[in-house]
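You will see two complexes here that share chain A, one where it goes with chain B and one where it goes with chain C.
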Partner chain A sequence: MRTGDFKQTYGELVTLVDSPPVWLWSAVLVAGLIAAPFVLNSYALSFLMIILITVVGTLGLNILTGYTGLISLGHVGFLVTGAYAYAVLVSKYQMHPLVGFLGAGVVPALASLIVGAPSLRLKGLYLAITTLAFSFIINTVILEARWLTNGARGISVQRPEIFGFSFDSDAAFTYLCLGFAVLTLFATLNIRRSRAGRAFVAIRDNDTAARVMGINLHAYKLFAFVTSAFITGLAGALYGIYLSFVSVEGFPFLLSIEALAILIVGGLGSALGAVLGTILIVLLPEATRFVFSLFSAQIDAVFTTGAQELKSMLYGLVIILFLRFQPRGLVGAWHDIRRMWVNWPLRY
Partner chain B sequence: MQYFMQLLISGLAIGAIYGLIAMGFAVIYKSTGLVNFAQGEMTMITAYIAWTISTTVSGNVVVVALGAILAAVVLGLIIERVVMRPMLGEPVFATVMVTIGLAVILRSSINFIWDAYPHGLDVGFGRSIVRVGPIGVRTGQIAVIVTLLVLLAAIWAFFRYSKIGVAMRAVAADDRTALLMGISATRVHALAWAASSVIAGIGGVFFALSYDLSPAMFQLGLKAFPATILGGLDAVLGSGVGGLLIGITENLAGGYLGSGMKEVAGFAMIIVVLMIRPFGIFGERDIERV
Partner chain C sequence: MTALLSVQNLSKRFGGLQAVADVSLDATAGEICSVIGPNGAGKTTLFNMISGVLRPSGGRILFDGVDLATVSPSRFAAIGIGRTFQNLALFKHGTVVENILTGRHTHLRSNVLDAVIFFGRTRREEIEARQRVEHIIEFLEIEHIRDAIVGTLSYGQQKRVELARALACEPKLLLLDEMVSGMNQEETEDIARFVLDIRDDLGITVLMIEHEMRIVMDISDRVHVLNFGRKIAEGTPAEVRRDPAVTEAYLGGHRAEALAKVGA
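Entry: the complex of A and B
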């Protein structure tokens, strides 16, 4: 009888997945996602695209807030910087889309060095407020730098064509997003199990102890900021392409809250949690609407007129309820279920 | 010079509103140790309730003022009891995130309870213009500055002399010892939420008097952030003064550097203050060396 999960070597502690069936199921999932564009209609496909793009962005925030424990309320700032970097490079200066994606990562990463610098002195709430301030300042900078960004008029973005392969159709663009999401997932999982990832978690758990054990707080905090901003910037570029139009209004402050809600709902500091949380949060407004529409058409009308407000209310409600009743998020719930399944009928 | 004076006076008036809301932040931070991200939204709801009273019950200044204060107390108490008290003892990150969730809910509820259009709060007072030499000042602007000064004095006296005020300072300084001395921490928290809601709500009503009510009013909370950071998160009086400084800075930046700068002057100041003096001008230094 299996009695528990024991790690016997250091190697087992840092493996990517600890049981072979996970590889099988992951492969099934990826195959399903590859088949999805042929099966789904365009409405469902748009949700799939949003989920994949959001997964990239959330994984980016997860490195900073989940692993390193630095709260950022201003990640929408990196998102909008990434989107503008791509739009300016590709639409305005006709560069290759791959250069655009590189720029979408590098420009926010440079910006994050400026925002990250105060984080070397500040912790917790103060850092959250600084990043919040940053996201408002960046919007003004973008609106004022009209020669580069067209100011309030925004920049329209075409779907890219890379090496002769056009990502113009919805199905092809979904594959592009899928590629980015899978790469980001592997990147964050690998960061987590490397020296840097362990340093991040050590800083989150107790920075004084981490310092004593020889972790360079300044270097690793800045590294967390740069990686996080790089990935978030990529998500911003993808989102800009999805919207086919990049403007400051397309990236409201609510996106920062949404990303934090996703992390809390999924389970802070877990890549699996970020994915699960994204799926729940993106589909939640639609699911709620479906449930209510079963009861009355009147409520359905409210959902159409006040869609944005209802969405934000749901986010707020979900944040509060999860923090109150399931602080470890969906991942925590999943672990509990798994343990119950393995140990049944015993409690532990 | 006249342009400068005009900017200065209107900066003082808007700064007094920021100061009131910033004091709301500080009262909650001082007694519960968390930043209430829903402060701007609470301010907005109090102002909307005041507007509802003025249009449905009576437009009398006294009735509207008393009604708004009562509504703010009830709002603060409900939020503390229903949302915040169950989170007692949880990590600061969790409780702060709860206030963010609350902020989002309150902000969107405006569109369902009231509507998305701007309204003017008219109580037959505050919009007429008084001339002081060459400069025109609205009575509402004078009233809000006077209110801020009176409240600053009253709160100073409250924390200095009243028994409850001393209890609140005790909980802020060391909540465990305060509990051992027989102070009910939950009661102090409830009082702090109610007081913060009232102080910020007064700011919101004055804003509605001088300008307009709209669902974008919650941004007052974001604008008041720099004030409370500048004054010190745990300094109630300092936050009030910080509000005046931020208001003046913002207006001067807007007047001389362009309207884009007006929006971000406060936030730019936050970053500078946090880099140089993270605990604010009047805040208590929290020394921790690594």
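Entry: the complex of A and C
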């Protein structure tokens, strides 16, 4: 049983992680992820890429929905805007990929100011509907602006080469995604432990009290929208590169639902939850398929033909089960396990 | 002595209901003032107007010589008005420390971009804020619950955390809305002691709404009495206690007359 947790300076009180074992295990995890491309086959590696890209996107949504409590059903709109910004800048105008990534963040951030403006007055379901409408409007805008986006034909995207280093191979592209995921995770955790993050959470928990504390509600709701859209846009660019082709069909509305499912399953308002939720939700359809294929080859065939429909059903089922049995999500379960382990064999 | 807060002919109307009508009161710097009155007298509405939650329908509020109508409500904390709420308004998913840190908001400068990097100035600022918070925690004697999630604490403890959060704003004027309601004798005495210390050690002017007459009579320098949105009396605790209008408001006309007859 661990006892004592002593701090000698105030600096130690504001550190990101105050426990050496957590740093150690995180380092082991990153080392494992770096080694992964040499071990995994290309099919398994594609799942790893999807997980890393989805982590970036859900961390983005987490800032808006998890921290600030503003529900967005339209995050796929930011995803597709980011992907198109990258594709147009890099594939069409041959700009540097880093400029492309910058654009993939900035363009959705600007778009978020338009969607964010109503959020200053709308709450809950009304805001959810507004953001939902935004994601459909964005699709129409992209399809109509043929001179810029090639309309329904889409834009093909090459894997980038940055400063002479080519991210063309699967392994290299996995590292690029890993880099983005790690940086986003640090950025989110840092926001959460500083003034801006506390302001977001204050707005979520009690907006009247937040205002009395001197938090400018309008400004901070817009900050949350902009930050969230910036990060989500980056995930969109990565997803576009992964698909090697950016089109409106590549970003179905289901992605918005998937992102919300991830947050609920992981535990709302927690960066760790977003990561755990992503792993579960991305691997869930595959795991289900595997389990059923043990029993019958026909069910396996159903999974291949009706993949999208089955995915939606699975997400719905998982959300209901988690809300009923583990409303604090995977991260809540993790906290319970950890507490039990620390005190074992005593009860508390 | 000049008035830190001067409320002049303040009114608030909700549709057909006149919640506050033509109320004037002054709070002198360094005083503990109480606002008392029966339920529905308009006390909390008055507080909501002073703290920027509601806009007055008429009259004006001068704070430190500034007309509050010219100040954006989100700046009220920055110019020195802190408050607690009648029904707890804490950020209940956060820890005690996080809640109090949120109170430091107007004293910090870092924006979202600084936060992402969390280095140099931002880190120094966070350390300094944390240091201040630890002082407040020590002042209010809540060291043992500093890392607890606020939602899991008892009502009395949560009230104390809310007081800590208001103190973290470093206000010049502290508005306390029914601080001791639902507290037992011991907790009430603790709060009375803290309020006196807040005035004496921290030099903060206190304006409090209170139903608990013992604390009002014991520690207030001045008492203002509201009834049906109007001010009916003002004075030292002893003066207010003798005022027939106050007895009538609290006990009703017949009882007051009866009491006067028997010479009570």
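Operating definition for what follows: the second predicted complex is superposed on the first by the 328 of 348 C-alpha atoms of A that agree within 3 Å, B and C clash if a C-alpha of one lies under 4 Å from a C-alpha of the other, contacts with A are read in each partner's own complex, and residues count from 1 in each chain.
In this text, a contact is a pair of C-beta atoms (placed from the backbone, for glycine too) under 8 Å apart; a residue touches a chain by one contact, two chains touch by 3 or more.
Since this is a predicted model, take the numbers as computed values, not measurements.
Chemist: Of the two partner chains, chain B (first) and chain C (second), which one does A:Ala237 touch, if any: first, second, both, or neither?
Modeler: neither
Chemist: Tell me which of chain B and chain C touches more residues of chain A.
Modeler: Here the partner covering more residues of chain A is B.
Chemist: Touch check for A:Ile51: first (chain B), second (chain C), both, or neither?
Modeler: So A:Ile51 meets neither chain B nor chain C here.
Chemist: Taking the superposition as given, does A:Ala87 touch the first partner, chain B, the second, chain C, both, or neither?
Modeler: The answer is neither, since A:Ala87 touches no partner chain.
Chemist: Answer with first, second, both or neither: which of chain B and chain C does A:Leu317 touch in the superposed model?
Modeler: First partner only.
Chemist: Who does A:Leu217 touch here: chain B (first), chain C (second), both, or neither?
Modeler: both
Chemist: With both complexes overlaid on chain A, does A:Gly124 touch chain B (first), chain C (second), both or neither?
Modeler: First partner only.
Chemist: Output check: A:Ala181 vs chain B and chain C. Expected answer is one of first, second, both, neither. What do you get?
Modeler: Neither partner.
Chemist: If you stack the two complexes on chain A, which partner ends up touching A:Gly306: first (chain B), second (chain C), both, or neither?
Modeler: first
Chemist: For A:Thr227, using the defined touch cut-off, is the partner it touches chain B, chain C, both, or neither? Pick first, second, both or neither.
Modeler: The answer is second: A:Thr227 touches chain C but not chain B.
Chemist: Can you pull the chain A residues that chain B and chain C both touch?
Modeler: Touching chain B and chain C on chain A: residues 208, 211, 217.
Chemist: Which residues, counting only chain A, touch chain C once they are in their complex?
Modeler: For this pair, the touching residues of chain A are 10-11, 13-14, 16, 187, 190-191, 193-199, 201-202, 205-206, 208-217, 223, 226-227, 269.
Chemist: Hey, which residues of chain A end up touching chain B in the complex?
Modeler: Residue list for chain A touching chain B: 71, 73, 117-118, 121-122, 124-126, 128-130, 132-134, 136-137, 140, 143-144, 207-208, 211, 217, 254, 257, 260-261, 264, 306, 308-310, 312-313, 315-320, 323-324, 327.
Chemist: Any idea which chain B residues touch chain A in the complex?
Modeler: 34-35, 83, 86-87, 90, 92-94, 96-98, 100-105, 107-109, 111-112, 222, 225-226, 229, 233, 260-261, 263-264, 267-268, 270-271, 274-275, 278, 290
Chemist: Which residues, counting only chain C, touch chain A once they are in their complex?
Modeler: Per the stated touch rule, the residues are 51-53, 73-78, 82-83, 85, 89-94, 98, 101-106, 108-112, 114-118, 122-123, 125-128, 130-131, 134, 165, 169.
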